[in-house]
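The two complexes that follow have chain A in common; it is paired with chain B in the first and with chain C in the second.
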Partner chain A sequence: MLRSRTFQIVVPALLVMALLPLGVGGYILGLLTLAYYYAVFAMSWDLLFGFAGEVNFGPSFLIGVGAYTAALLNHYWMWPIPACLVAGAIAAVIGGAVLAVPALRLTGPYFGLVTLVAVLLLQNMLVLFAGITGGEIGLDLPDVLSIDDSTNYYYALAFMTVSGGILFGLSRSPVGLILQASGQDAIEAAALGFNVAKHKMAAFCISAFFSGLAGAMLIFYLGTASVGTVVDIAVGVNVIIAAVLGGRRTIIGAAVGAIFLIGAGEILRPLGQLSTFVVSAVALVVILFFPSGFMGRLLQSGGRE
Partner chain B sequence: MTALLEVSGLTKRFGGLVAVKDIGFSINAGEILGLIGPNGSGKSTVMKCIMGIEKPNAGSVKLDGTDVAGWPTHRIARHGVGIVFQHARPLHRQTILEHIQLALLPDNLFMLVTDHKITRRAEEIAERVGLGQVMHRLPRTLPFADLRRLELAKAIARNPKVVLVDEPFAGLTAGEVADFSALIGSFRAEGHAVLLVDHNVKGVAALVDRVLAMYLGEKITEGTAEEVMRNETVRRVYLGGKIETAARPDREGKGHTPLLDVRGLGVLYGKATALDDVSIHVGEGEFVSVVGLNGAGKTTLFNAISGLVPFSGTVAWRGETLAGKTPGAIARGGIVQCPESRELFGDMSIRENLDLGGQHLTVAEAGKQLDWLFGLFPILKARQGQAARTLSGGEQQMLAIARALMMKPKLLILDEPTLGLAPVILEQLSKALEVLRQTTDITVLLGEQNVTFALPHADRVYVIEHSRIVWEGDPGRFAEEAGAGYL
Partner chain C sequence: MLALQILIDGFAISSLYALGATGFTLIFGVSGVLNLSHGAIMVVAAVIAWWVAGTFGAGPYLGALAGVAASLACAFFTYRVIVRPIQNSPSIPREEKEIFVLTGTLLWGIMLQEAIAYLFTNNPKTVRPLVEGVVMIAGVRTPWNEVLTAVLSWAAIGLLYLLVNRTRTGKSLLAASMNPRGLTLLGFELSNIYVLVWAIYGVLAGIAGVLLGAFLGVSSDNAGVLTASAFSIVVLGGLGSVPGSLFAAYVVGYLETMTAYLISPSIRTVPVLLLLVAVVYVRPQGLLGRR
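And now, the complex of A and B:
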């Protein structure tokens, strides 16, 4: 069955990841740490796109709100990290809800456009109030998660595993089924007695929670919050590419896509500017010819018939 | 006995169009009401208003005494209305059983584990509708009839007081129709109130207790199936009154040079057969009508000819096969379709729409064609600066025909030009077609469910029913030979 097949793939992979710090250097660990946070961004995005059927072009709005809330609280009020993380996640949920309530009333591409504009607004605000936010240079944080590579790596791995587990579990639960029905045919879902707006709203909040939390975690790992790392449109585009590359409606695929994207970017670094081009080209080929993504194909071939 | 569903004064307007006008009826527990009417009569809108998919402008929908008119769909569903959609769009990655489980779930954000009771209930329902053998399979591996069974299973799972069924037998074989009739009959036996929506009385006659017939948004009559079939107005709506046929002035070689030759055409939509072994031919200068009810396959036939849907069989145009040609190439070759949905550019003016049609003509030619069309449809000349979106239905249809004629077609395909039009507009349109027919030697292929409109102009008539051509002949012989099967 699919369930066991998924576990057959995921459990050994997690074991290998857990043992990695014994064998590889700090540089690669740092890279993977970053990738794991991206994986959470991508998985949260997949819940919204793959299941609720809503394209959020602005994942970095949710990430950025979470990250900067945590950063500002830590920088100016010296809140401890756990409190900043909680506040960041809550802020992302509130920001997401404020955005989603009017946006979900819109149909078709308009929801996506609203989310896109939200990112631009946030980015402009941060640059405009550079005196407080540090603008494009960024905001230094007095606290960091850890200065040890392995510890940081394990934080990220544990965070990704738990978030992924929750998101995956949700997607396979009855609620996930309702969400998927709402995303695919809203009228039919409503005719079956489901409040489509409520379920989509819930999905948006859950997506916002994990995005915001991951954004906050990421800046405490990096030790600085900057527009380029957590808000810029390019961040959002990478998240979307990762999720689609890995496989829509799989959650786990989104994580695979994120790790691939960051890993490939690094391996191709010697190519200089060309590396971005090559990664983009690979993404394009996968999207054009294997629209169900890496995991989509893997799970499908042995899936239930 | 109290009525489970009581609809009164139901009215729905779309802009200036009144789709449903003061409709009222009631259905008791254990009763099946058939709601019939030709395409565009508003019966589907009535169904959508009951379900809350459309919000009625006026009137009440009382469900077991509670007025639910204007409620959101999911609340109406929770209150006891279920719907069996005509077109099922199942989820790709969920099994049949999971689809039925979905229908059994409460509207709750915290259902994280599937209850075993729900699973067992879903299995029972799957057995009941005949999906027991296939309940662990994915929808895409199942035949069309099983997907329709799944829709029924979902309605059963919801256990609604009132069940709405949209075109219960569309696309099913005779054996499957019997199965479905039995399943729908079991709703009645269990004390549900059932509303069957269909195009004609014949299809649902054996199943229903009463029938309500609609035309152009209004109720024509209500009674038993036999009474409705005998009703004069119903007969007129479906068969037309006295059919007058006028011969077209004979021209040299008319009808002899074959222009379009369709042989053994078959089209599948997924798993549903849309056309089965259809052969028709149209000669140069002929006016050929294809009549059939909505869903019979007319539009599919035209789309196959225009290269818009894949098909088996052959379509030859002036002796050359059209297989492999793009829709654009086919249109440039002289086959121009004026589709049922009109496809006007709503925000452009009448003039701009027409100019687009005449893009490939020289300025002088286009001007001449435009003058001629303005003579044919004077109303378009008077309103040429007006945006197409703001025109009435009849004017839009005239514009659609005029735009098609701007392309100087060799063969003009008109797909249901009368859709949703009021009788007075029909007359204007009919006159314009007659002028076209008498003064030019254009070749026309007309698809219609309105026989009164289709027959007078036709040189030859095909009747299409359930994806097949069932009759071909002279319009004068239609009423006695093919009329009876048409109610």
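And now, the complex of A and C:
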């Protein structure tokens, strides 16, 4: 394990990230904090797509369910933050199980559409019941994680490291292999005696758990829950782009892609409206010419572990 | 009175939906590609038509023509620069081509949308209609433009029907959707057929975009919603089935119009989404689709 390529890349990178607050200002820390939460979104999505083979067009459904559950509990019933986080994650897992039911029956574009519709319905509901949910403006939260930039940064970094570690370990475990087999050829995997339905269901619940938890953490970092930050289709699109950009089926690549995406969006901000154009163009070029993404390339060149 | 109003308005909007979804389903049927830049291409057509007709001052007819030409160019570009390289790429495994095409066209759609927003701002734009004035249909004041929208949509769909069923080229399209390998064995160049399909698609999406721009007005922010509605209609009707899409377009069009008139315009799309989820659960192949 100590000699593996992934390990050699990840540990120094994490060390640098842990030391960053000593050297850089609050602005960059805030940016990275956001990026780390996105990294968890992207890694959870990669577990579903890269391993279980399910194209979830609506990662923001799971994120949004987790975030809004936490937000409503905190706003109306003044639940403490940890309880809200747990409730958000549980709600997201229930959402994930609901999504998994069609996934077990439908394939490809049909499933993709159901996930897309799930997001649109959630968004419509939030806007429709604007009196309770705050609608487009959002719901402000009485509690926040911390008002200190470094503390927030460390919360996000720790959360990303732990989630990433669990998701990565899972993907390399026998369960990950079975998932990968079910994703590539469900019939053959079933013929070999693996319970495809059970494994896929588990993948959905795990993905939902981390998405929902990250969504809930994110809103407690931002201090407000709004459709634009946790539910909008654009959020989901960014998550998908990040995961594909970083390299599918690598988990860690998804995190790299997310940090790159958030960073690039910020660096290009002076371009104004054109920044999204440039980010999309870069992502398109990567997809066309380096389909295995940043990490896929890096890991492949070092050979198999 | 209200019933008639719903009937007429619903018919016009449904015809437009039908036209928009036909091109989308045609591409899927023949080459298995779901083009997520669909909405953005329609927006490009509408905005270019608006610009050429209005700001540039070339009149509505030249404007419409320019819009369709722009959409055709975008469709070609989508195929040659994004879809075909991904399909031919040796480093993408076959079972993952689909997601790469989806992601690629999605990104391309965002690029088009952002480019339009940058060049022409994202304010809603209404294309100058080809004909002005209103007509009374059974006592309902209807703009001529609304009539024209329905007529042109159906004319385009009718021409497509004739092309596919009555000409040799069209029959090769049909054959490509059934058995591409067999067609190649008979000496047809598959890539030519794909180029043709994308050309037809470009024209259909262009007409739909220009008509939409004249009927309801278009902003670059609509691109995503337009793609989603074409996608829903096509899945509702059965992926790859053109009659299914036409039927589904009317179901969606009327359901939306009825919701907007009878309940509230703010939940216009909700019943459609619920219907879609129900259909996909109970009958995943769509209303008229075959497995």
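Going forward, the second predicted complex is superposed on the first by the 300 of 305 C-alpha atoms of A that agree within 3 Å, B and C clash if a C-alpha of one lies under 4 Å from a C-alpha of the other, contacts with A are read in each partner's own complex, and residues count from 1 in each chain.
Assume contacts are C-beta pairs under 8 Å (C-beta built on N, C-alpha and C of every residue); 3 or more make two chains touch, one makes a residue touch a chain.
Remember, it's a predicted structure, so these values are computed and weren't measured experimentally.
Asker: Overlay done on chain A, so just call it for chain B and chain C: clash or fit.
Answerer: clash
Asker: What's your read, chain B or chain C touching more residues of chain A?
Answerer: Per-residue touch count on chain A favours C.
Asker: Touching A:Phe7, do we find chain B (first), chain C (second), both, or neither?
Answerer: Neither partner.
Asker: Mind working out whether A:Leu113 is in touch with chain B, chain C, both or neither, as first, second, both or neither?
Answerer: Only chain C is touched by A:Leu113; chain B is not.
Asker: Just to be sure I read the superposition right, which of the two partners does A:Leu284 touch: chain B = first, chain C = second, or both, or neither?
Answerer: Only chain C is touched by A:Leu284; chain B is not.
Asker: Figure out whether A:Glu188 sits in contact with chain B (first) or chain C (second), or with both, or with neither.
Answerer: Touch partner of A:Glu188: chain B, not chain C.
Asker: Who does A:His199 touch here: chain B (first), chain C (second), both, or neither?
Answerer: So A:His199 only meets chain B here.
Asker: Contacts for A:Gln180 in the overlay, against chain B (first) and chain C (second): which applies, first, second, both or neither?
Answerer: Only chain B; A:Gln180 stays clear of chain C.
Asker: On the A-aligned overlay, A:Tyr76 touches which partner chain: chain B = first, chain C = second, or both, or neither?
Answerer: Neither partner.
Asker: Which positions of chain A sit in both the chain B and the chain C interface?
Answerer: 184
Asker: If you look only at chain B, which of its residues touch chain A in the complex?
Answerer: Residues of chain B touching chain A: 51-53, 72-74, 77-78, 82-83, 85, 89, 91, 93-95, 98, 101-103, 105, 107-114, 136-138, 141, 154, 158.
Asker: Please name which positions on chain C make contact with chain A in the complex.
Answerer: Within the complex, chain C contacts chain A at residues 34, 82, 85-86, 89, 91-92, 95-96, 98-100, 102-104, 106-108, 110-111, 114-115, 117-118, 224, 228, 231-232, 235, 239, 266-267, 269-270, 273-274, 276-277, 280-281, 284.
Asker: Where on chain A is chain B touching in the complex?
Answerer: 169-170, 173-175, 177-178, 180-181, 184-185, 187-196, 198-199, 202, 249, 303-305
Asker: In the complex, go through chain A and note every residue touching chain C.
Answerer: 49, 53, 55, 102, 105-106, 108-110, 112-114, 116-117, 120-121, 124, 127-128, 184, 233-234, 237, 240-241, 244, 248, 272-274, 276-277, 280-281, 283-284, 287-288, 291-292
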